[in-house]
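Chain lettering (A, B, C and D) follows the sequence in which the chains are written, and residue indices restart at 1 in each chain.
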Amino acid sequence: MENNKCNFDGTHHSEELKKSMLNRLSRIEGQIRGISRMVDNDVYCDDVLNQIASVESALNGVKKILLEAHMKSCVVEQILDGDYDVIDEILKTIHKLM
Amino acid sequence: MENNKCNFDGTHHSEELKKSMLNRLSRIEGQIRGISRMVDNDVYCDDVLNQIASVESALNGVKKILLEAHMKSCVVEQILDGDYDVIDEILKTIHKLM
Amino acid sequence: MENNKCNFDGTHHSEELKKSMLNRLSRIEGQIRGISRMVDNDVYCDDVLNQIASVESALNGVKKILLEAHMKSCVVEQILDGDYDVIDEILKTIHKLM
Amino acid sequence: MENNKCNFDGTHHSEELKKSMLNRLSRIEGQIRGISRMVDNDVYCDDVLNQIASVESALNGVKKILLEAHMKSCVVEQILDGDYDVIDEILKTIHKLM
């Protein structure tokens, strides 16, 4: 699946998008660590479940940004190159994400 | 929302469950760090999206365990104590998680 | 699974709730018929997909109402009766719905 | 949103796909009618919730087929025609469906 022509580096929005993604991911990592602390400190389960819902929502944000970037760069480029397999690949991924 | 009678500590499956939860959360934290590295190294977006789907599935596992523990301890106990507000609370949480 | 003590009929909100549910379900049935007509008339797929998203959202509404009614009547009653199997049953259902 | 060049009629898999979609939708319509009957007959709520989960899963099947058909025909064609707005349109739809 490695595809050197088509990744963050190969797109014009590269650096800005990467920074935004890395910031979001680092916040999510902190949220997960926070949930571990909550579990360790016997915090009320309903509060822990709510924190998990927050992480899911934050992950959803990353997913949307990444899916948009992928569709607008890699998917379009590969279709223009006549490589339609990218459609089956992205459909499989979308089904997993749904 | 703090509720001292009803948390991991107050349930009989406490230590085993906490350990399993903390292990799962620590693996998820590692997966998130891995996704950050993928983004940083310009790995192909479709592979990154698939890793996000894996994290979602791992989070789902944590959610199920925690929801089950919460329902079987706190929710039951509070209902037996005549505190039916716990139902509205858990319904709100379930809606967020759906 | 038939349980005569615990259904719409056995709850105090019975008639109002049943009517609201039946209205929502009849609207959803109409939406599905509308989608069939769209497919039959070769309407643009993206518009059909949006209609499916509307049905999912309407079904979600029915699900929430029904889950709330179930938790507040049957689940509470069975817990008070000492029948804790209802918890495993509802957890299995919630997992399917998530 | 009407787009005459790009619908079921304009694709090579047209008739077979339409029939399969219409069959699935007609089965879903029947399932919804069945749920109305269950509600009307005061069937145990947990069983009704499980039937709703079945409808969601059946709708998911329709969604996948339709999304695949749309991506492989309309989306590809419009990208090849230089009309990249189709990407924003499909991303918006995918977000609603997720």
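Here is the rule we use: a residue touches a chain if its C-beta (ideal position, glycine included) is under 8 Å from a C-beta of that chain, and two chains touch if they have at least 3 such contacts.
For clarity, every value in this text was computed on a predicted model and none was experimentally measured.
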item: Of C-D and B-C, whichever chain pair has more C-beta contact pairs; value: C-D
item: Chain B and chain D: spacing of chain centres that average the CA atoms, whole Å; value: 31
item: Distance between the centres, which are taken as Cα means, of chain D and chain C, whole angstrom; value: 19
item: Chain B and chain C: spacing of chain centres that average the CA atoms, whole Å; value: 25
item: Residues of chain A whose C-beta touches two or more other chains; value: 63, 67, 90, 97
item: Contact graph of the chains (line, ring, star, complete, other); value: ring
item: Chain C contact footprint on chain D (complex, rising order); value: 1-3, 6-10, 18, 21-22, 25-26, 28-29, 32-33, 35-36, 39-40, 42-50, 52-53, 55-56, 59, 62-63, 66-67, 69-70, 73-74, 89-90, 93, 96-97
item: Parts of chain D lying in touch with chain A, wherever the complex brings them together; value: 60, 63-64, 67-68, 71-72, 75-76, 79-80, 84, 87, 90-91, 94-95, 97-98
